[in-house]
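These notes concern the structure reproduced below.
Going by the order they are written in, the chains are A, B, C and D; count residues from 1 in each one.
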Amino acid sequence: MTTVAFIGLGIMGGPMAANLVKAGFEVVGHNRSPDPVRRLEAAGGRGAASVAEAVADADVVVTMLPDSPDVEAVALGDDGVYAGARSGTLHVDMSTIDPEVARRLAAAGRERGLRVVDAPVSGGEPGAREGTLSVMVGGDAADVADAWPVLEAVGGTVVHVGPAGAGQTVKAANQLIVGGTLELVAEALIFLEASGVDTGAAVEVLAGGLAGSTVLQRKAPAMLARDFTPGFRVELHHKDMGIVTAAAREAGVVIPLGAVVAQLLASLQAQGDGGLDHGALLKLVERLSGR
Amino acid sequence: MTTVAFIGLGIMGGPMAANLVKAGFEVVGHNRSPDPVRRLEAAGGRGAASVAEAVADADVVVTMLPDSPDVEAVALGDDGVYAGARSGTLHVDMSTIDPEVARRLAAAGRERGLRVVDAPVSGGEPGAREGTLSVMVGGDAADVADAWPVLEAVGGTVVHVGPAGAGQTVKAANQLIVGGTLELVAEALIFLEASGVDTGAAVEVLAGGLAGSTVLQRKAPAMLARDFTPGFRVELHHKDMGIVTAAAREAGVVIPLGAVVAQLLASLQAQGDGGLDHGALLKLVERLSGR
Amino acid sequence: MTTVAFIGLGIMGGPMAANLVKAGFEVVGHNRSPDPVRRLEAAGGRGAASVAEAVADADVVVTMLPDSPDVEAVALGDDGVYAGARSGTLHVDMSTIDPEVARRLAAAGRERGLRVVDAPVSGGEPGAREGTLSVMVGGDAADVADAWPVLEAVGGTVVHVGPAGAGQTVKAANQLIVGGTLELVAEALIFLEASGVDTGAAVEVLAGGLAGSTVLQRKAPAMLARDFTPGFRVELHHKDMGIVTAAAREAGVVIPLGAVVAQLLASLQAQGDGGLDHGALLKLVERLSGR
Amino acid sequence: MTTVAFIGLGIMGGPMAANLVKAGFEVVGHNRSPDPVRRLEAAGGRGAASVAEAVADADVVVTMLPDSPDVEAVALGDDGVYAGARSGTLHVDMSTIDPEVARRLAAAGRERGLRVVDAPVSGGEPGAREGTLSVMVGGDAADVADAWPVLEAVGGTVVHVGPAGAGQTVKAANQLIVGGTLELVAEALIFLEASGVDTGAAVEVLAGGLAGSTVLQRKAPAMLARDFTPGFRVELHHKDMGIVTAAAREAGVVIPLGAVVAQLLASLQAQGDGGLDHGALLKLVERLSGR
């Protein structure tokens, strides 16, 4: 039976770890605060008091943490994953971090005899609970194959997109497109409202043509109703746009729209709307337009 | 039997007029150059040597012309539609023009005893041939109802979105979203290529989540293959972004992304790529990134 | 003695006409509202009840009006300048309008036997009062030479920059640079404030190097003090950015920064700050940054 | 007699160190490659084979290095400045680096008993040779006072702008304004050329009004002549815009123009123009406009 150490049992990590239990893995979970560990134990997993304890006997170590420095600390720290895991252990980082950091981790893991796969997800808390996340996987083919059962237990769509870091690159591209599309839809909706158009009918006809998108279908109704209950929070998307702009810069790719979207999400965050759903870009366009 | 005068038998107007013939309307067509008139006659319509001749006995006048000044000239000119049409005639302008011009035409028509509906379309030449265009209709409810049989003969989806000008407003919103989404996808694809990602796999996983869009599904493969056969030409989208920015300005709505997209399409046009499909935004991002 | 008809005696035109009186010209002034005409009479000029009356005996007709349509109406209207002025009369339009409209007016004037020069100004109300305006002059060399004494009577710096329309083009370039520099300085100042820097000292050192500008010298202190008394109003700069973006588009020139600046001024205008000095871009950056 | 260790004797550091010798300081210089050390010796300084050797007996340590990681390595490395300098030594970092890194260095230095001042410069190689650099100084007042004689020996204008990091913040603001102004001038000049204006006359009149700037005066003539001999290289300004966007993000300040300027400089860099003067933004606008 495969033993999975799961580090980071938050809003996303908690239900993902629970799904691994359901799928028959032996799951040893660790979290900085203790409550999520209790919840994992209630769900049939085992709690660990430290990263070192969690990874000691693991075949696979999954990390699901907020940002690049968190993952680096947990992986590379003195009592961290790479110090404590057995040789050959598979580290599957499912956090959303900078692709460059993911590549560095892969190299550092290899030096310690570990195998590292980056596998960030999209689909939010509902996807985490229902096990329907989209998972973008970067790493060596053999390592990705070994990680597959774990990934399938938490994801609905799992796609291997390239070598180490490629998963994070695709996640960054995802956040670029999603943020930009939300802003385009926000600009369009405020323009339609300001022009006295029947927005419901307009969204219907827009959704049916080349302007159609998952954002328009799933998010436009809530945006029109000014319901900004997350969903995916502005503060996280703001963090992710930092990754997008840094990674594009690193790759020498010019992203004029992406750069403007990053500023707009930074503005929402600065204005105290970091806790709202990222569809709140509509509020920003509304304010900019004095409405 | 309803007689429809059809002014403007170009790439879009030609097949639309033919579809009206097929649907049982008596169609009298006029075009500045004579060949398209011959083709309409071959398809079962009747040719007219002038706008005045075409509209003299019409119940409905459809115009399908390149830009605002063309429609104004044909509608308001000395020998134009409003001078020659019978009182009560329904003018259905299916061109893509400035919403403000559409509202002015509606007022001018009303003064002359005509009824005016704006009904721009999306779906391109294939949609025009197959009668599957999306039609965004603005105007008084009764006038729109009277225009309905004509609109359904050329369109697959016909939606009444508001008063006079509303059709054009929704079309402008459509072009804003489409242009912006194409640019976002272009930025994402070049970023993915530059980072050594398997772009086919990446597009698959992106399309399945919140980043999914009709643009990603229908256009990304051709963009990745550098196939920029139109489709919808850059020069037309450039023209349309002029309408978008002017209409948003008129409505007092701030569209930072839309404004940048307008500049990028203007750049493609200025660089001699006006005849390519608007997916050529990928080429622009590629050049900007020195690739 | 040269007779100058002066149409448009507003905040700018009033003091300019008075300066022409002082310089020894016979000035016949007209304005839509009567009070400014009274003031011109008190300053030694003559009032006229209509454009036609004002231009009937004029050697030179100066127009100083808010926007392109105003100038077109006064120049081309049934009782307008070109209908009423004697053959050979020199029309000097000092309004800020679209270069394309200026070129059309020059052509229309020529057809009527008039000579047309475009001569927009910068320097604001103080410059108008003190006769120190910068004047950017477009037109045929001979016509510009004939206009020179009039231009020197109202301006401190008068420069002939090219053929008809060129004056307006340079004015548009001026507004592009001024608007953009104000926004750059606004972004820099808020960034400095947010970072706990001594802004006074910072402005001193910035002004002394390559970052130095007239905006930084003349406007930064008032901006830091949140004193937005105009000066030059946001609503006028917003109007002018409409000219800038249209003229650049017409010329096939891509102006990414200009396009964003136009959106930011549109936002200030939409938020009800149209009456403030354009240095209020600082307020916008402040709001965007949640400060 | 004050002993100054000078680490980094490149294009900027070399002449700065020579000016310190001229001003009567005892200068011990170190550089990764040996030739610049030979030049310093020829100018009357002393060479050191390592950082440790250079700083061992120094009262003041000046660093003049390319980027944040270089300064961190030299300051914090095992054989670095903070390991080897005597307690109480003053570290004056004159490199252009991230303000956040400058603040971290100040804290790290304090822990080791050192005093740290950040003092980045503007004015380029000519300013370095002639000792006329502008110096923006951040740090505690007493430390800045102690550093003053050194700073005055290399700079023409020296301004204390706030606490640790403030010098770097002001330098970042400087680069934001300079980059943006160059781009605005580039957009304006190409617009003027494309419109058939006499650009020389136009620059004259623009420079005399609110559009006037040091960039317009010093750089526009070379830009119009397509002379992009550096001056200040695109690759350095590209690096600096990375600092600007990161620092503004860190400070929660939204800089829409700055973000677009960063993309445009990134584009020049990606297109292989990194070695040209930053006035080459004109080339980019020219290409974008198909000219």
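The rule is short, and it goes like this: contacts are C-beta pairs under 8 Å (C-beta built on N, C-alpha and C of every residue); 3 or more make two chains touch, one makes a residue touch a chain.
Please read all numbers here as calculations on a predicted model, not as lab measurements.
Identification of common neighbours of chain A and chain C yields B, D. Among the other chains, B has the CA centre that is most remote from the centre of chain D. Chain A and chain B have CA centres that are 38 Å apart.
Here the spacing of chain B and chain D, counted between their Cα centres, is 52 Å. A straight line joining the Cα centres of chain B and chain C is 38 Å long. Among the residues of chain C, those touching two or more other chains are numbered 252-256, 260, 267, 270, 288-290.
Across the complex, chain B meets chain D through its residues 256, 260, 267, 270-272, 287-291. Every residue of chain C that touches chain B in the complex is listed here, in rising order: 242, 245, 249, 252-256, 259-260, 262-263, 266-267, 269-270. Partner chain C is touched in their complex by these residues of chain D: 99, 122-123, 134-136, 157, 159-163, 165-166, 169-170, 172-174, 176-178, 180-181, 183-185, 187-188, 190-192, 194-198, 201-202, 204-206, 208-216, 218-219, 247-248, 251-258, 260-261, 264, 285, 288-290.
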